[in-house]
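First chain A sits with chain B, and in the next complex the same chain sits with chain C.
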Partner chain A sequence: MKKKMTKKARIEAVWGLCMIAPTIIGLLVLNYYPICETVYQSFCKTGDFGKGNEFIGVTNFVNLFQDAEVFSTLFNAAKYTVFSLPATVFLSLVLAVLMNRKMIGRSAYRTIFFLPMVCAPAAVAMVWKWMFNQDYGLLNHMIGAKINWVTDPKVAMIAIVIVGVWGALGNNMILLLGGLQDIPKDYYEAAAVDGSTGVHSFFHITIPLLSPMLFFIIQTGVMGSLNLFDLPFMIMDKTSRAWPSVKTISYLFYEYAFEQSNRGYGAAIVMFLIAIIGVLTVVLQKTEKMWVHYD
Partner chain B sequence: MRTRKRILAVLLVMVMTAAMAVTGCGSGDSGDGSASDKTITVAFWDNNQLAGLKEIADEWSKTSGYKVEFTAPDWGSYWTMLEAGVSGGEMPDVFWMHSNNADKYMAADVLLDLNDYIEEDDAIDMDNYFKGIADLYNMDGVQYAIPKDHDTIAVIYNKKIFDKYGVGYPSEDWTWEDFAAAAQEISDKGKADGVYGTYCNVSSNQDGWYNIIYSYGGEVITPDRKASGLDEPATIEAMKFVAEKILPACPPPDSMASTGGDTMFLSGLVGMICQGSWAVNNFYTADNASDYAWALLPYADVNGNGQCEPSERCSIYNGLGWSISAQSEKADAAWSLISAFTSEEGQKKQSELGITMAAYEGCSDAFAEAFDGMDISPFVDIEEKGTLVFRPYSKSMALWDQDISDALVDVWSNPETMEDTLKQLAVQMNKRIAEE
Partner chain C sequence: MNWKAKKNLTSGVIHIFLILGSLCMLIPFVWMILTAFKTKTESISVNPFYIFPAHGWHVENFVEVWNSYNFALLYKNTLIMIALRVLCACLTATMAGYAFARLKFPFKRVFFALILIQMMVPGQIYIIPQYLIISKLHMMNTQFALVFPGIVTAYGTYLCKQGYQSLPISLEEAAELDGCSIGRRFLSIMLPLTRSSLVSLGIFTALFAYKDLMWPMIVCPRTESTTLTAALAKLQGQFVSNYPQIMAGAVLAVIPMLILYLIFQKQFVEGIATSGGKL
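This part shows the complex of A and B:
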């Protein structure tokens, strides 16, 4: 049986609700309402300006599964994830371990690596766009080659991955640093007594104890990179022949929903993406027990 | 102790709600609160025109007693703002319309029906405006916007580059073949310096290959806007000319896709480009403006008589319109402002101030004089020496425009596929039009 609340507890609950009301209302109005609206619109042939929506059932989804572009753009997003995520995790782990040692100018280095996080993504993309410029860009000038960074279909995705990894390093490094500092020093000392060396300790103490943080980074990384939109949008020109090889499914959604005002089909695309990310998240959660250790 | 905490909590909540109320009011105010009495809000996307339009509006304010408040976000934000305004109910009173979006806005009843106003206003008669623009903003006999301006295309060239390689300046009797030959000569001689003759990207349509198509007698869409013209022989001939003669004289497609034509021209890397009258100020205020000169668009000698008939020299033109929100509570005052912008007097002033050319026919001569030290008469001259063709559009333009652009990206790298691609595009475009 549920226990009846005392008067005091009830008052406290009411006050608690009042206190979080601004956030709850914000979430309801700004997040949950649009989510429901998007689900509804995905079953509609939408009219301009949100007027005259016409319910057409699953037609949008039927069209979606016959649309080759949906799958090619999804493939691009997956490609980005597969390239960028391992690199991000590996490099930020290395950086975090290096930044965790006692060394001169440690906070300066930490700041430098974290800096990309405080820059506006659009500004970052614009600067990279100029660095990548094949004729007048800094990058080609420095390495003395003529690589068509953002116009060669074979290279463009690598260029995007470079920017993506560079941008994500700082944040992940800080998260991993936090995780590293939670590991008690005694473990290493005890291991050292038993003859464990640096590398051995790293794989047998650091990695397992860091696994919750690594798991978090991988999971948010998968979501973030499948949703990739801003980098290709800002860095690439749509008249580049490499554009089809980096156009992501989020961009396809944007193209339909906002450029062509076909909200319904756009909503269907985004629902499809949500479903995929949802499935991946569940799979990741299921594997969690296999390799993530909480002390 | 506990009471003190409680009081503190209550105080905190009060402060927070008060702050929210204040900010809430603040944002409401800028929308319609303060605007409710004697202010007309005007929105458009081209900051270049702000100073000039303000001058005309200030003049109007003196007689009307209304204040005019301008906002000029960039092109993309402008349409997002309008779209949100329509759904959210906060629209500027007066704003610009464009051929890309006009159909959608007119069909959705968000623009004020201007027929009655036009009838009552002696200063406005739709017959005075360029027909293409007036028709564009008319749906089923209802006028939803008054034409604001028109634009044409001309060639801008860098005298220094032409001198350096000993190539003759563009002239009035140039055909497109001459244009391509001169461009090729510059590209050949300028190879070592990385200088190219001209620039024509996939996206350079209104200020590029559209003009060539119509000069050759082709068309992008039929005049009744019911079928694609991309598979017509003349269109194919024109585009094959672009692929075989113009593109080889341009920077490689990859370079064009990563650097804009204006940027390359202004950096002295391209000899000449076709440009629209809307961009004059950009070149007028450039560092090397004294090196630049404008020339008439070339013509295509279709009948082979060695002379230019007006129909062989085509410039695409487009025009914006002034609209009033159907929700505006100050529609009368808003109309009065539009009338001031679009009357003969207002249109002449717009040209004089160098804002843009007029939509009112015969009011654009002053525009040619508006830029001291730079002769931009080719933009005005083409009205007599050539033919103005309204920018091709139809209801589903956003869709077929994208299709064309996507398909041409491949052609730009493989010019020999032009004919086949155009034929496929025509089929695709006809399908889009049929679904309108």
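This part shows the complex of A and C:
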């Protein structure tokens, strides 16, 4: 197995190792050590200041499975995913298809739809909170209603979803537009010769060829919405009665780990969330074979 | 209807649809800017419903928020944080990317597996220990703390590796025959050719650093040491219902990135497209 290296190969190996060293050392310190630490901590009770961790086995996880709040916040995150993801994918697909033609103002539209992506989510949330204001908000004025967007537990999640979709459209539109532009024109021409145009071509050419990109968007979308933190955190008041219906599991983690300094339990929540994301990823990968086409 | 009229009609309908969509995207921004120039009473006077500030454009909101929140310092913190993160990420990723794409060295596959695994693990798992490292180093509320998690990037390394792999190998072989060392080859031939993936990585890193909320909130809770994004979260609590001032703060926070975006929008969009909107 072991071969004697030539001088040239040895120099190359030294160069290679030196060049990856910063990244690998960084990953070990910043990522791999933390992974181990979090796993370990999830089995610990955090001691008081400087006392260190106390190993308590699976107690955190036992508590977690009996904690109604864990499941209600997880349910909120799931609700957000179920409402926002189909809307985002559908709307961004429509936008991308419409914009996938040479026309006046295409880059202007692209610029506008992408705008929310370059804004701090905190600023976006603040603006929307103002738009949602029950008495003075622009939204109620425009639709002539008196909806308690952010204080009514029934509509609060819809408010969050609106902002989420509004903010994510541009990003997904750009990705889909890139995918659309990679589809060779001949496919459509060949299909047209066979008498297939419009809707038929869309479902038989566009969607299959775009499916890897759609899959990517769905997959990252699921992960992103399960990790949702900033929008509810910024838009809602923690004292509002609507807060329990929008509080996400990612926020619950933040609350335990950093506000209540119960890092062991926080770590256990993270482990639980990651397990769920892992399972969902596997499920998605399984369904991938059914509808995603790579050629 | 002849063919041309039909085509015009279709494109007209598409334009109407896109214009309506664009309005939905723009209205919150317009409303943010307009509110920022209003007085507090004006912002909550519903009848008549003012769109434009009726009693002159009030710049005081900006001045007050700028001073009481020390925006100069926030800008500086954010700028330094972004610059350092971009620099670190690009530097480490391009070197490692080149090595993974072109050089042979022991345990290459093992090291590359480390990169791939990191890309698959959700970010929250790192936060508590990273925070503990910062607090053990007594680095809370410092610039170092802000930059810390972004020193290396697995995804960026992957992106750079792809960039280097797409270059023809003959380029390097020619240089090698001319007696060019690996370092020279990397610095003067290969690196300049992967500029575009580096620009993508840079823009992406900058955008994510700018938008990150949880990390700066945790490691830099003091307003004067934190970033724009995290400071905004606090500002909201402070000026409870003074919406013109809150909006002025929001305008101040989004303006720099917005200007950058309008100047470099092509690069921004390409950055998102090449990196798949993920880091």
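The rule we apply is simple: the second predicted complex is superposed on the first by the 277 of 295 C-alpha atoms of A that agree within 3 Å, B and C clash if a C-alpha of one lies under 4 Å from a C-alpha of the other, contacts with A are read in each partner's own complex, and residues count from 1 in each chain.
In this section, a residue touches a chain if its C-beta (ideal position, glycine included) is under 8 Å from a C-beta of that chain, and two chains touch if they have at least 3 such contacts.
Everything quoted here is computed from the prediction, not taken from an experiment.
Engineer: Should chain B and chain C be called a clash or a fit once both complexes are overlaid on chain A?
Structural biologist: When both complexes are placed onto chain A, chain B and chain C end up clashing with one another.
Engineer: Does chain B (first) or chain C (second) touch A:L85, or do both, or does neither?
Structural biologist: After superposing on A, A:L85 lies clear of both chain B and chain C.
Engineer: Could you tell me if A:A77 is touching chain B, chain C, both of them or neither one (first, second, both, neither)?
Structural biologist: neither
Engineer: Quick one: classify A:S261 as touching chain B (first), chain C (second), both or neither.
Structural biologist: first
Engineer: Touch check for A:Y136: first (chain B), second (chain C), both, or neither?
Structural biologist: In the superposition, A:Y136 contacts both chain B and chain C.
Engineer: When the two structures are overlaid on chain A, which partner does A:D152 contact: first (chain B), second (chain C), both, or neither?
Structural biologist: First partner only, chain B.
Engineer: Have a look at where A:S240 lands relative to chain B and chain C in the superposition and call it first, second, both or neither.
Structural biologist: Only chain B is touched by A:S240; chain C is not.
Engineer: Touching A:L17, do we find chain B (first), chain C (second), both, or neither?
Structural biologist: second
Engineer: Is A:M126 touching anything from chain B or chain C once the two structures are fitted on A? First, second, both or neither.
Structural biologist: The answer is second: A:M126 touches chain C but not chain B.
Engineer: In the overlay, work out which of chain B or chain C sits against more residues of chain A.
Structural biologist: C
Engineer: Considering only the stretches 1-9, 181-189 or 199-207 of chain C, report the one that runs into chain B.
Structural biologist: 181-189
Engineer: Both chain B and chain C contact which residues of chain A?
Structural biologist: Residues common to the chain A contacts of chain C and of chain B are 15, 19, 22, 129, 133, 135-136, 258, listed in rising order.
Engineer: Which part of chain C faces chain A closely enough to touch in the complex?
Structural biologist: Where chain C meets chain A, its residues are 11, 14-15, 17-18, 21-22, 24-29, 31-32, 35, 43-44, 46, 49, 91-93, 95-96, 98-100, 103-106, 108, 111, 114-115, 118, 121-133, 148-149, 151-152, 154, 157, 182-183, 186, 207, 210-211, 213-214, 218, 228-230, 232-233, 236, 243, 246-247, 249-250, 253-254, 257-258, 260-262, 265, 268-269, 272-273, 276-278.
Engineer: Quick one: which bits of chain B touch chain A in the complex? Just the residue numbers, please.
Structural biologist: That would be residues 9, 13, 16, 20, 80, 83, 86-87, 104, 107-108, 110, 194, 201-203, 251, 253-259, 398-399, 402, 405-406, 409-410, 412-413 of chain B.
Engineer: Inside the complex, what are the residues of chain A that reach chain B?
Structural biologist: Going through chain A, the ones touching chain B are 15, 18-19, 22, 47-51, 129, 132-136, 148, 150-152, 237-241, 243-244, 255, 258-261.
Engineer: Report the residues of chain A in contact with chain C in the complex, numbered from low to high.
Structural biologist: For this pair, the touching residues of chain A are 9, 11-17, 19-20, 22-24, 26-35, 37-38, 41, 95, 98-99, 101, 103-105, 107-124, 126-131, 133, 135-136, 138, 141, 166, 169-172, 174-175, 178, 216, 220, 223, 227, 229-230, 233-234, 250, 253-254, 257-258, 263, 266-267, 270-271, 273-274, 277.
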